[in-house]
Structures are given as C-alpha cells and as structure tokens.
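Two complexes, one shared chain (chain A), two partners (chain B, chain C).
On to the complex of A and B.
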C-alpha cells in the first residue's frame, strides 16, 4: 500500500475514525492491529519475519531485564555482607550473562537481515571471483523476498534491545506493546528509526481528539504530499531519462541529473517523513524529527547531523561508540600511540571506527558496491575535511570571511554539490559507470543544453519546469522560515481566512499539480527499498 | 463562541465543496468541438424516450446508421447508444440502463465488439462510461471495464482523473461548464467528407479465431435480457472494411444467431444490395461511412425493419412528427455547415 494510493488514504481515514471512537486504554491495540494489517496487505509472508524479530527481541530483552532485576535484588539483600570486590565480580558475572543473551539475539536478527538482504550480493561477488579465476561454475541466486522495512524495524528492535542491556530502557513486559513499537505502520516504510523511550509514551497512552493537534498533523501530511507528489514524482521523469540512458545523456546532462536527483531525493524522503510524522501527530503521537534543513549545511559532517538524523544517531550510538570503546580498539589505540605518536595514534582508532560506521551506512542502504563506495566516499570526504580543518581555520582568520554571507553561501553550495556528486553512486548504481559519467562532466562540453531547449526533451514540459522551480522556491522559503520557528506555528497566528487560503491552496496544488492517477506511474518512496 | 465556530466550519466545508465541484466541472473534457464521440452517451438522457429501435455498439453503429433516415423514410423512431470502442459488456450495461427508461421493440447490436474479451483502453472507457447516469448498471460497467491502471474512485470523482487538464483548458471549458451543445443526431455522428477506400489492408493471420468466453457471456446476457423484455435482438456487422472481419468470426456469429434464433445481417455481404460505393461513401478510407454511405445502408436496414420485423410507421403521431421536424432541421443544418466548411477548405 503506497502512501500515495487511494487505498492508503482510505486506510488512514478509517483508522483515524476508529481510533478516536476506541476507549483510550485500547487505542494502542487498534494501532497494533492496523500496523499488522498494513504489513499483511504488503505480503502475508512478511509477517513471519517481523513476528520472529518481535518474539526473539521480546524474550531476550525480558531475560536481560530479569537478570538486571535479579542483580538488583541480590545486591540489595546482601548490601552489607558483600565486599566491594565480591560485588564487582558478581556484577561482571551478571553482565556476562546479559551480554551472551544480547549477542545471541543480535546475531540472530542481524543474521536474518543479512541473509535476506545480502545473500544475493555475496553470491554475485563469489560468482565474479570464480569467473575471474577461470571457473565456469556459477552459483544460483536465491529467490528470496526482501520484507518491507526490514532494515528499519530490525534497527529499531536491535536498538531497543541494546538500550535494555545498557539499562537505558526497561524491558517491556507486554509483548504486544513491543510488537506495536516495532511494527508501528507509518514508520515501517522509511523510518524514522525511533527509540523505545521516545515513542512508548505516545504509543501506549490515551489520546483524546484534539482539533488543534489533528489539524497540525494534517498540515504536515499535506506538506509531505506536496513535496512527494508535486516535486519528487514530477522530476523523477527527467532523472530516469538521464540515468537510464547513460550513453546518450553525458556531460552537462549528468550535472543536471545530479542536481535533479538531489532535489528528488530530498522532496521524496522528507515528504515521506512529513507524512509519517503527520499521521502520527493526528493520532496524538509525537515522533522524532529526521531532518533539520540539511541543504543549509556548511559541511558534509554537518549535513549528516541534519539528514536522516535518526539513522545517523543510531549508527553513532550503537556502532561508533561501542567500537570506539571496545577492548580491541583500546588496545589498538595504545598500539598506535606507542608506534606513531600522540597525534596519529589518537586519530587512527577514530578513523577506523568511522570507517566501520560508513561502511555499515553504505551497505545498509543497499546490497551493492555502489552503496558501499558511496558510504566510504562520505567517510573520505569527512576525514579529509577534518584533517584540513586547521588549514581552513588559518585561511578564515587571515581573510576574515568566516561570517560573511557570501562565504557561508559558498559553503552551503559546496556541500550541496559534494553531496550530489556522492549521490551519483546511488543514481547510476554502478561504480565504474558512475566514475565514467562523472568524468564526462569535464570532458564533454555540451552546456548549451541548459538553454537550447534540450531539457524539454527529458519528459518534462516547460510548465513542469515552472512548477518545479516554484516548488523549489517554496521549499527554500519554508526552510528559511523554519529557522525562526515551525512554519505551521507561524501560520497558526494568522487570521482564519489567511490560514484557510494557505492550507486549502496547498491542497489544491497537490490535487491539480500532483503526479498521480492514470498517466503517471505510481512511484514508491525511494527509501522504501532500504 | 460555539456558534461562531460551527458557522465557520460550515462555511469552510461549503467553500471547499463548492470549489471542488466548480473545478471538477471546469476540468472535465467537454467533447463539444474535439473528440465529440465522448458526448454521445450523455445526450441520450435529454431525449424523449419512446424509441422503437435502439442501436448499441461501437463506432460501427454511431457512424454508419442514420436515425433521421429511418424516421424520414419509414417512420421508425430510433436512437443509437454507441460510443468509441464500446466493449460488449459496456453495450450490455448500456442496454440495461436504457431499459430503465424505455422498452424498445428492437435492439440492434453490432458484433465487432466480440473480438475484445477484456478491458482495452482507458480513454475509450471514459468516453463510454462518463456519459452514463449513475446506476448499478454504470457501477458494474465500470468494474467490468477498468484497465489495471484505473481506479473506481477516479470515476466517482473525475477531478482525480482530469486534475492535470488545467494546463490545456480552452474557452470552451468555461463556456460549457454547466451546459452542453448537441453534437449528434439521435446518437449518429455525421461526417460528410470523403476519403475513398484504397489499399485496405487484409487481415493478419491470428493465433486463435475463437471469440473469448467473456465476450460470449455478455452476448448471452444481451440475448437473455432482450428475451426477458420481449425485445427482438438483431445482430449486425456494419460494412466497415477495417478492422478486418474474418470468415471464422463470421461463422461463429452465424452459428450463434442460428442457435438463438436471432436475425443476423452482415452488411459486408450486402455491398451491392445497399448500393455502397467505397470510393464515395466513406470518409476515412473504409473504416467508417460518411453521410452518403450511412444513408444508403440505413435505407436498406429500414426496409428490413419494416418488412421482416414488421415495425409500424409512426409518422401519424403528431407529437413525434414535431419532434423529428426539429431534428431534421438540425440534421440539414449540420450537413450544410459541414459541406460549406469542406468547400471553404478546398
């Protein structure tokens, strides 16, 4: 069920009505039923995967929680009789039991993800190696379905389990409540990746119908649909034309495609998240924000703090930090310090941890080399920026340009261009081809296509470009307004006719200019596939 | 305060609904100057409904038979409920719909539609289905006709289908938002221009000449519906040279007519009897007849209706005569205007 389908809108309307007619204490049960129905409609087989993850994570978390309780009771009871060393030894023993349980559950669930998502990638690489070695034998690919949202819900479930292990979250007693946390349908498709502690209050408490909250949710949904249907799905035609015919569209076309894809991805992903958060808001549930005006970032590092925030913090909390402080890494840090001195010795472990994180980020996005290279490309750029930081600082201090508007604008444009270049790996989905097409931007001078009408042959009419230009200006304007406070809050203080004109106008824009219905291909959200 | 809120909510809903209604009216195709075939189905509802003969079928009925000739020469009051690429289930549901208003003595069905066993093109569906008034027949017809890309809701709220037409609106869209212009002559789409039939392609070899089960089911339904309502069903194959009508198809229709005791007329076999001349009687190289051709075969068919079916001459009914006088005026005016336009173009 696509977010942009009539079926989904009907599903939401029915759920919405039923939700506020259901007694408050049972609302979460309705949400659970709706979430499983949503998942069932996608493919009944998928239910097996999500149920397996839910059951195993529930059991493991409960076991870890019980060990923690047992420890707490034991220490309380033997507070006076145990020496400090005995307490420490006891705690270490308990922690070890928890760790084993955590490890088994993590390996099992990450294993499921790895098998369904990466088996064919591994087979393809093995086949390449065998071919290279002169063998005629080739392994058959697995015919295995990738369950919808498996990367998202697995990460969410695993995050919860680690939080329980760390004592950050309490193990949920009710398996059905945990099932809802893992399967909550709006976020199942493309995130955000929520934390149990952040979401549980909203999911499980009672919600009464509040017109203001519902209106704000609807406004956010509208804005999301505008981005998705008016901008992303419109520009998609031109992007596909360019990237699907790499032989014909080279040079300046690659540059155009690169920028168009940046706009498409932004409108598609942020639009989808707006719809997700908006739906939750109409149900009285507050979800974590996933974007903070990322295209206004002045560096790649900053960009990644503002783009897909919940994924970034997940990788930081559950991969980067644990790797950075694990025993082998600390040992490695001591080794590098001893052999390469303080400066390099300090940095190498950080670089190694970052490398792992970016490798994981890349492969999480897709089981192919282009995503891995894309992830590592980000790592390289961030590391270089970090190394050049002192040089930049000297440059800024010497020319006093750091706070100048023109320089900040330059930084923003530079970041957008850099990110767009890296995303070409995502566009062409082929590493050598991406490098080749990137090269054509400098070797094939056909920049006249920008004004000789060639852009009108990409499947978009002049009017489409006008709509896209207006839509982009609106996106930028809204982003600028957001610096002060939420745009919805700013609109809320206007008079009723003005508010009505704005929101009804936005609705009409979607209705009339949205790329939907006969003649338009229903386009999935790009992040669905991750 | 509460009253103000309620008042505001009511006003808001009213403004939203009225705006959407007006937008929908504006955006829907008007079919008055271009692709006028799209207006044919809806025109029926403006008629006095006491017809002797109802034609159902595709372009082979609405471009090849002239109800004006049937009236003028035989006193037979007829109407054509035809539309572009009307599929057989659409014909069936149109017949069902027609029977809600009147019970003709004869229903004429053109059998070319038997070649289609499943939904074809959204654009043609629209031209047939949008003009129908809402009823269970329309609902079923939509359900039976939808292609994979279509959605029922798009028929309920056509603005969802035509939402992007705002970029191609013309003055006609504003002019005909709430009214329409008569474009047909009791469902007949008149063309007076001539394009002789030359080099008409033969039929390609088909893998299977058997008409589909679905098509036969609906033909059975049409037959049954006519029987239940004591209506004589006549099957015809209009004299269009293309799409090619295969001998194997012909045989199946002859067999069906015989089995069900129905009259079946294949006008392709009656070229001499009707006097058709494909160098002067077609406007598109043999696909459809022009006015001259349509009048010729209608004269022949009128004779059949009079002599073999026994339909009576109603030219003694004063009210009907007056009605047809108006129609005849429009018929002649349309013909003269088209001829004049042709001369001006030459």
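On to the complex of A and C.
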C-alpha cells in the first residue's frame, strides 16, 4: 500500500477515527493491529520474517535482562563478603553470558537480512568469477522475497537488543509492545530508525485528541505529499528518461540527470519522512527527526550529520564506536603509533573503522557494487577532506573569507555537487557505466541542450518545469525559514485567513499539480527498496 | 585532570575545556575526536572506555570525562 494511494489515505482515516474512539490504554493494541494489517496487505509472507525477528529479539533481550537482574541481586546480597577481584570476576562472567546471547541473536537476525538481501548478489559475483575462469557452470538465482522495510526494522530491533545489553534500555516485558515498536507501520516503509527509549513513551501511553497536535501533524503530512507528489514524482519522468537510455543521453544530459536525481531523492525521501512523522504526530506520537536541512551543509561530513540522521547515528553507535574502541583496534593503534609515529598511529584505526562503516552503509543501501562504491566514495571524500584540514586552516588564516557569504555559498554548492556526483551510482546499472557517463560530462560538449528545447523532450512539458522551479524555490525558502524555528510555528502565529490561505493553497497545489490521477502509476518511495 | 586537558587541547586548542560543558551537544567533538581521545586515555591512564560508555553525558565536559576515568580506575 503506497503512502500516495487512495487505499492508504482511507486506511489512515479509519485508523485515526478508531484510535481516538479507543480507550487510551488500548490505543497501542489498535496500532499493533493496524501495523500488522499494513504489513499483511503488502504481502502475507512478510509477516513470517518480522515475527521471527520480533520473537527472537524479545527472547534474547529478556534473557539478557534477567542476567542483569540476577547480577544486581547477587551483588547486593553479597556486597560485604565479596572482594573487589571476586566482584569483578563475577561481573565478567555474567557479561560473557549476556554477550553470547546477544551474539547468537545478532548473527541470526543479521543472517536473515543477509540471506534475503544479498544471496543473489553473491551468486551473481560467483557466476562472474566462474565465467572469468572459463567455467560454463552457472549457479541459479534464488527466488526469494525481500520483505518490505527489512533493513529498517532489523536495524531497529538489533539496536534495541544492543541497548538492553549495554544497560541503556530495559528489556520490554510485553512481547506485543515490542512487536509494535518493531512494526509501527509509518516507519516500516523507509524509517526513521527509532530507538526504543525514544519511542516507547509515545507508543504506549494514552493519547487524547488534541486539535493543535493533530493539525500540526496534518500540516506536516501535507508538506510531505507536496514534496513527493508535486516535485519527486514529477521529475522522476525526466530522470528515468535520461538514465534508462545511457547511449542517447550523454554529456550535459548526465549533468542534468544528476541534479534532477538529487532533487528527486531529496523531495522523495524527506517528503516520505514528513508523511511518516506527520502521521505519528496526528496520533500523538513524537518520532526522531531524520533531516536537518542537509543541502545547506558545508562539507560531506556535515552533510552526513544532517541527512538520514537516524541511520548515521545507528552506524556510529552500533558499528563505528564498537569497532574503533575494541581491544584489538586499540592494540593496533598502539602498534601503528610505535612503528609509524603519532600522526599515522592516531589516524589509521579511525580510518579503518570508518572504512568498515562506509562499506556497511553502502551495502545496506543495496546489494550491488554500485552501492558499495557509492559508500566507499563517501569515505574517500571524507578522509581526503579530513587530511586537508590543516591546509584549509592555513588558507583561512591567510585569507579571512571563512565567514563571508560568497565562501559559504561556494561550500554549500560544492557539497551539493559532490553529493550529486556520488549519487550517480544509484542511477546507472553498473559501476563502469557510471564512471563512463560521468566522464561524458567532460568529453561531450552538448551544453546547448540547456536552452535549445531538448529538455522539453525528456517527458516534461514547459509547465512541468515551471512547477518544478517554483516547487524548488519553495523548498529552499522553507529550508531558509527553518533556520529560525519550525515553519509551522511561524505560520501558526499569523492571522486565521493567512493560515487558511497557506494550508489550503498547499492542499490545492497537491490536488492540481500533484503527479497523480487516473492512469498515473504513483511510484514507490526510493528508500523503500533499501 | 591536567593530563586529560592536555589530550583534549591537543585536538582542539581553540576550546576552553575547563569551562565548556556541551562538547557533544554543540558538536565540538565529533566521532573521530572521541575515538582519538579514547585511544589516548587508554595509553595514558590505562583504562578502557568501551562503546557503551560513549554517551553524551560522559563526553560533554572534561570534568565528566575525568569522572568516568576515575570510575573505571576504581573498577579496576
């Protein structure tokens, strides 16, 4: 069920009415039923996967929680009789039991994700190697379903389990409550990847109908639909025309496609998250923000702190830190320091850990070399800029332009272009083709297409371009306004007619300019495939 | 404490670590800095700060970080 379908809007309306008619203490049960129905409607087989993850994570978390309780009781009871060493040894033993349980459950669930998502990728690589070695044998691909949102809910469940192991979260006693946390339907499609401690209060507490909160939620949903239907789904036609016919659309077309795709992805993903957070808000549930005006970042490193924030912090907390501060890595740091000096000794472990993180980020986005190269491309750019920092500092000490508007604008444009270049790996079918198409931007000079009317042959009319230009200007204006405070808060203090005109105007824009209607095949969100 | 302040100043000489109590909240320290600090602390104080201890509360100020080191030393 697409967020942009009539069925989904009907589903939400019925849920909304039922939610506020249900006694507060039972509202979460209704949400659980709705979430499972949403998932069931996508494909009944998917339920097996999400149920398996929920049950195993619940049991493992409860077991880890029980070990922690047992430890705390034992230490309390034997506070005076235990020596410091005995206490330490006892704690280490208990931690080891918890670790074993955590490890088994992690391997099992990450294993499921790996099998359904990466088996065919591995088979295709094995086949390529066999072909290259001269063998005629080829392995058959598996006909295996990729459950909707599996990367998102697996990460969310695994994050919860690690938090319980770390003592950051309490193991949830009620399996159905945990099931709701893992399956909460608005976030199943494309995140955000929530933390149990952040979401539990909103999910499980009572919510009374509050006109203000519901209104704010609806406004956010409206803005999300505007981004998705007026901008993302409109520009998609041109993007597809360019990338699906790489032989015809080269040079300047690639540049246009690259920028169009960056805009499409931004409008699609942030729009989808606006709808998600907005739906949760209408139900009185506050979810973590996933974006903070990412295209105003002055570097790629900053961009990644502001784009898909919940995924970035997930990778940092559960992969980057554990790898970079584990004992073998600290040992490696000491070794490199002793043999290669302080400078390299300090950098190598950090760079190695972040290599693993970017490799994982790439492959998490998709089972293909394109995504792996895309992830590692980000890593290379971040490492280079990290290494160039002393040079930047010298430059800024000499030329005092750091705070000048023109320089900041240059940094923002540089980030947009760099990110757009890297995102080309999402578009073309393989890595060599991506590099080849990137190269054509510099070798095939056909920039006249920008003004000779060729762009009108990409499936978009002149009116479409006008709507896209106006929509993009609105996106930028809203982002600039957000620097002060939420735009909805700024609008809320205006007079009633102004507020009405703004929100009704936005609604009309979606109605009149949204890429939908009879015969229109609304597209799924891009991040849904991850 | 002075040893810890030296480690921190080495990374960010421009920051007043004696007074600043929002090193993480204000994004003064990033993940790369944190890993470097932990490696240095392990070297100089012989305590291991594990991943679960990397939370804003422990890294927002030099004082909080020093308290964590002392806590870990006591555990040892």
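The working rule: the second predicted complex is superposed on the first by the 528 of 530 C-alpha atoms of A that agree within 3 Å, B and C clash if a C-alpha of one lies under 4 Å from a C-alpha of the other, contacts with A are read in each partner's own complex, and residues count from 1 in each chain.
In the analysis below, a contact is a pair of C-beta atoms (placed from the backbone, for glycine too) under 8 Å apart; a residue touches a chain by one contact, two chains touch by 3 or more.
For clarity, every value in this text was computed on a predicted model and none was experimentally measured.
Applying the stated clash criterion after superposition on chain A shows that chain B and chain C can sit side by side. Once the two complexes are laid over each other on the shared chain, residue contacts for A:99 go to neither chain B nor chain C. Looking at the superposition, the partner that touches the larger set of chain A residues, chain B or chain C, turns out to be C. After overlaying the two complexes on the shared chain, residue contacts for A:334 are found with chain C alone; chain B is out of touch. With chain A used as the common frame, the shortest Cα distance separating chain B from chain C works out to 42 Å. Shared contact residues of chain A, touching chain B in one structure and chain C in the other, are absent. Listed in rising order, the residues of chain B touching chain A in the complex are 8, 12, 15-16, 19, 23, 122, 149-151, 153-154, 159-161, 163-164, 166-167. Residues 27, 30-32, 34-36, 38-39, 42-43, 48-52, 54-55, 75 of chain C are the ones that touch chain A when the two sit in their complex.
Contact residues of chain A toward chain C in the complex are 88, 166-168, 301, 305, 316-317, 320-322, 324-327, 330, 333-334, 346, 349-350, 353-354, 386. Those residues of chain A lying in contact with chain B across their complex are 6, 461, 463, 496, 500, 504, 508, 511-514, 516-519.
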